[in-house]
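Each of the two complexes below includes chain A, the first together with chain B, the second together with chain C.
This part shows the complex of A and B:
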């Protein structure tokens, strides 16, 4: 009985791939009409391209690719006289899809793709790109998309791409994808290689694919296959666990780097002067606005170098916020050093003033940032672990800030003065240190560091006048837990709070995670009010 | 400019920071309308626009000679995204300023805090947001749609053959009444369709939350499990929306893998984002900027001209549903007041029955005497590359609103 079924299955398998070969060749007029049609016609058109991809000429495929791209980007205008390709969405005229003649697009309608059709169009475009794109990168991107839609492409397309591929690395990848596609092949040998190929690229999705196979009759009837399957599942499970662990580590590090950036300036100001600076969040906001200003300047003066604006913004944001900080110190705080409560209220007023000043001057909308490639997107590194560039940028930025702050505090005369005043203000004054001037410079340094945080946050958070308010509380938590005035404490506290948040969040949700961490900090501070690292002070 | 004295400096700082009601020139032959929309805090970027659109509508009506022979005077305020402050300012406007109607609130939690105030003072609050329903006060005009005529059609679309045939749902919301009620109703709806409880997950984040890494990781691992096409039902609000979208795109999830149905997502949330990676995600509202028709073209042109003429600090070419709904609110109120020949709330309320107004969406808004709900059309939008939404689907007519959900 089983044998009969196996034979039948084998016959069915043989019959299925035969179908695409019999499909009609790629007719441009028919494709254009389909893509201009209703949802079912669009789906038929896109699927037709995928089926024909194994045999169609490269020229036909390229033409189909142009049509599909135009449809996906809403540059396809459909009128009574046929389809038009526009240069950009909403253009007044375009080229006829068949003749190439320029015609006006006045009464033509640009169809909107539904999600299901969009997925099919994406698959078809990826198949066309894999077969015809000029650059290796574009072909590889096509392969990545096809791999995500397991089973959507006939084997013949992958085989054609593999045979035509000139780049050896990419050819090996295509061969791997073709092997993986044979998971439900009739040939036991092919199935075992397919399992190995799927297991070689571990992810949550490949785990689900392999697990689904375990219930199939083939796994029960063929012990060698079952063994290969179990081994494959075990290795993918292990890899996914490692990937998830790396993701937790990365998330913790990235959250910690944001906390550290927000808190480091505060640690210096609070440690040195005992001033609770509630405007610290607004200094972060000013840093982000300075970054935006640099971007706009680049746009006007050197549009070719626009990608470098984030780097150029580093000194500008530091300088601008440091100047604002020094101005605030000179105009407001200088008079209030002996009255900590008053200085707290004064910095709060400063924060309100800055928010409203920016709101009146620039507006409340989120600012538009051009994201250079080094801070947008990400790359899958291992299993399900994706490194996102904007977070990596923040982590490296925080590390560089830490190093620079350490150098300033440990290796420069200003740093020596700051440390002296922090440890014993009166004695430092007696020895002839101008403590007021040092206060002012330190306040400028602390504000400038907040401005740097603004640069690092631009690629991660929305930038608007109110963005700073969320950071003050978190920053204070870090500073108080770390121990007042201790850079090492700030670092360890940021890592601890970031890590705790990331570990608790999946278990109990983001709301509870915040509460639990807060309660934890309160309990810790009751045992150890001076924080993790108490600075040595002489009193 | 004379010299900048210290007192002058402090004075101007106080002026900038003052959250009190901003009063325009007072005249005896005017009728006052009050606005409760925040210009600061987490809602500022989207709520702030509504103050200006109410003024624009009032200017339009004043240009035609006002209502019942009186000019409309608009009072604005800044409740600072602080929910109890909405109630406090609302009370002040009703009792001291004697406003004829209030236009305000975005989040449901702010509406719930104003509700007792308008009920005690028998005032009228026009609420321009689509919301969770399950409320029917004679003192609130629900200008936008309850879930039965906004969220459910969109979820139906996604579950159906035209959408993606969604089988599994990841709900992410801000932690307050609107997301929790919407999700409760959705779960009831799915249960009624025989979908097992294992097919959905529910997560909440605090207001203003922005660190979405872990949640997006969870969405990816949810999506890789078997059981059918997953979607994300997003009910976070305010600045959390762009932050979530950015992390989603950066982790490489496309709309064709896991589509997001952003229930509070508007054109303004896409400002500042690179939407190339977000194309295809969905929202559902009673108006989209891409709505066809001459009325919409005229409204867009009017708004652009108004922004330019008055120096409004918002984008001239972004118009969102709540703006149009706020604009509709003022016109509905003016129509009712003219029909009643009075500004007294009970008279105006009686005049709501049978009111209709052709608004920029292309549909005709109607009200019945049954309740204070307004019947609106339904749009499903799809994010495009140009930081806007294309109209993916729209209802043939404006469905009758159902205030109380039978699901949950």
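This part shows the complex of A and C:
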């Protein structure tokens, strides 16, 4: 009896491709028989589920889903009395696939799924999950699987899922997938509209999708479609190029922001005292570690406010690194103003000491940061250009630092003193300015600014004891190029060097970019040894 | 000081009575004695090797002291010239080994190339390799020195730009397609002038060569700094503007000594690489180049003997401590630097009370 039914069902399935896809019914018994059959029957059954998914009732789909899941997980037992669903692989009894009655599985065998059939079964399960699953995540996972096998899914399935979907985000994703599927639809009109729709939302992925279509026979046989396709590809290419350009500019700007923050403290210290602080990179590292410390404190004291730690870390990092800077100045550099070369070695020793101190005290591993929502993710703006919040945070942070530094230097008594000593130390001393105290405060200010750079780096870079080592050289190039003691020069040079690095990098690699920038700076110094914006100073 | 350079005539008149520096004589004597001791006494190979490496480092320190202590130019990129010597030496050893044994070096096989790159041609001949190493170091130094000194880049500016130079060179050498071994560098040298590399004869020969080279470099640089040129170097260090105003070509003077120093550093690299049996881009790390300045500062800059003492002491301590307690070494090194910089401006020579410093060498920055 059962066998006859199976044969009939198989015959019915064989006849299926001749019928319009939407008309395929979902017969549970036939499906169970197919899945218990040989490799060809299993494939037929799985494909049948996909085809029928657009019209079948939710109950039928769920039942089909249970069968497919059981098959995929080796919980399907096939005997002469029909298919059984087991609770786990090798269980002694299970429920009948059709009636739901509990029967022993003694003489039943579990069919094995081949590699090709497994892919089909996964597609079918994904279609069922997309249409019937309870959780949004399960439906989204189903969509992800279906997108990978776009050619195997009828448009109607995705359209049904789109109409039934309640979650707006997932609904948009399904609409996108439906659009992609419509590109290979049999209806030429539908295909043309799909091309136009894809071209209206340009991205690297849509460009690849359209380009892949050009090789297909449909493009060759249908001149109208080929024209629409070429026009679509041209417009997407243009948009992607603009988007990539914007992305490069954005990266350059964020890199320049970091460079500026690393260099501005160095520029103030060097302009004022002629001392190069080789520990500047380590002050950046200290700023990042201070941020981490604030995060840990928040985690223990006020877990509810954890998202605010990055803001709270700003004054802490500034204060902590400024204090360390003032200590270094008071203990070491104060004695070395007449020997600038020795101050290089001394600050190098300080950097060596700080790196190893942190290494011993905290460890060498990268620190883990909880990313608050305002520095994670981003918003896609145009084509592939995504404005990521963490980089925007760095850019805004650098802009705020610039404004703050300008205010301090231009509008406060300390700033006035710093500018006076920078321009003419002897004359400033003659007028009664306490130059040594100003040096110390300025060194604290410069170090604190490095600490702020550390805060801005936390969401972007990996934070470990050695993170500061690369910064001094780049930052100093910025100071040299911009001209000593000029904030505007530092800004322009940071933008220039950051931009040059990011622009050259895709063409000839990161190393070549560094080489070209260095050679460029050395040659530039031939023409203007004082840098771009030489501060007026009297010696 | 100003009296010494009032006229060229006066300067050259005083050169003939160049003051003695007994420390140099002592050190040269020690080098020769150690060389003889190594040959006759046959100590354990690791000890011989250590002595040889220390001698190579001492040569490197002398090369830096020549321009820092006597010309006031602090190079934080001397690792570059050391590495040029080392890389060319490694290329010679591998090319020579390829000719003799017929097997290609590991990194060539790793990149699945058919043979050595074209620019390796002729490197199996030792004299050519030696010439190339010194010539290349001199050429790079000349080009860099020309653009730097011409635009009057000096002081800390020069130091940092030279550091950037060595940093960029390191990034460049980390690439695998340069034909120089990439980040793994070059190792597995089979032969040295036909001797197997690790044999006692080769080890002793290298150490003795390094000691003799150190003695020769010390004697040669001592003659140089005592000559009229040496006087001009000191004058340039103390007041370059005045010397230039007096009609001396200070740019050419600095360029000459800078190139000489680079070539001495390359010589140190040539002697160093066969002793350790490997060279890789880490030699070009900026930290290592700063360390050379640290040896000189610790030993006592502006004294050739001080550079030797500093290099030998710091590296001997490093050999010992890196094995005994590696965590403590960076702290000790930074403490030592701060101590020397703050308390002993003339290095350990101050501490030893060896105030044999000739009056004309005072005033170094």
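Rule of thumb we're sticking to: the second predicted complex is superposed on the first by the 354 of 539 C-alpha atoms of A that agree within 3 Å, B and C clash if a C-alpha of one lies under 4 Å from a C-alpha of the other, contacts with A are read in each partner's own complex, and residues count from 1 in each chain.
Throughout what follows, contacts are C-beta pairs under 8 Å (C-beta built on N, C-alpha and C of every residue); 3 or more make two chains touch, one makes a residue touch a chain.
As the structure is a prediction and not an experimental result, all values here were calculated from the model.
**Student:** Should the superposition on chain A be reported as showing a clash between chain B and chain C, or a fit?
**Tutor:** clash
**Student:** Of the two partner chains, chain B (first) and chain C (second), which one does A:360 touch, if any: first, second, both, or neither?
**Tutor:** So A:360 meets both chain B and chain C here.
**Student:** Using the superposition on chain A described above, determine whether A:274 touches chain B (first), chain C (second), both, or neither.
**Tutor:** Touch partner of A:274: chain C, not chain B.
**Student:** May I ask you to name which of chain B and chain C touches more residues of chain A?
**Tutor:** The partner that reaches more residues of chain A in the superposed model: B.
**Student:** Between chain B (first) and chain C (second), which does A:349 come into contact with in this model arrangement: first, second, both, or neither?
**Tutor:** In the superposition, A:349 touches chain B and chain C alike.
**Student:** Of the partners chain B and chain C, which touch A:511 in the superposed model: first, second, both, neither?
**Tutor:** In the superposed model, A:511 contacts both chain B and chain C.
**Student:** Going by the contact rule set out at the top, does A:112 touch chain B (first), chain C (second), both, or neither?
**Tutor:** Touch partner of A:112: chain B, not chain C.
**Student:** Determine where on chain A the residues touched by chain B overlap those touched by chain C, and list them.
**Tutor:** The overlap between the chain B and chain C interfaces on chain A comprises residues 349, 352-353, 355-356, 360, 469, 510-511, 514.
**Student:** Which stretch or stretches of chain C touch chain A in the complex?
**Tutor:** Touch list, chain C to chain A: 68, 72, 74, 76, 147-148, 150-153, 155-157, 159-161, 163-165, 167-168, 171-172, 174-175, 286-287, 290, 293-294, 297, 327, 330-331, 333-335, 337-338, 341-342, 345, 365.
**Student:** Which residues of chain B touch chain A once you look at their complex with the stated criterion?
**Tutor:** Going by the criterion above, the answer is residues 13, 16-17, 39-42, 44-45, 48, 158, 161-165, 175, 203-206, 208-211, 213-215, 217-218, 220-221, 223-226, 239, 242-243, 246-247, 249-252, 254-257, 259, 268, 271-272, 274, 277, 279-280, 282, 313-315, 382, 384-386, 390-392.
**Student:** What does chain A use to touch chain B in their complex?
**Tutor:** 39, 72-74, 89, 112-116, 118-119, 122, 148, 203-205, 207-208, 211-212, 244, 247, 251, 254-255, 258, 349, 352-353, 355-357, 359-360, 362-369, 371, 376-378, 380, 384, 386, 388-391, 460-467, 469-470, 501-502, 505-506, 509-511, 514
**Student:** Under the definition above, what is the set of chain A residues touching chain C in their complex?
**Tutor:** 270, 274-276, 278, 332, 335-336, 338-342, 344-346, 348-350, 352-353, 355-356, 360, 469, 472-473, 476-477, 480, 510-511, 514-515, 518, 522-523, 525-526, 529
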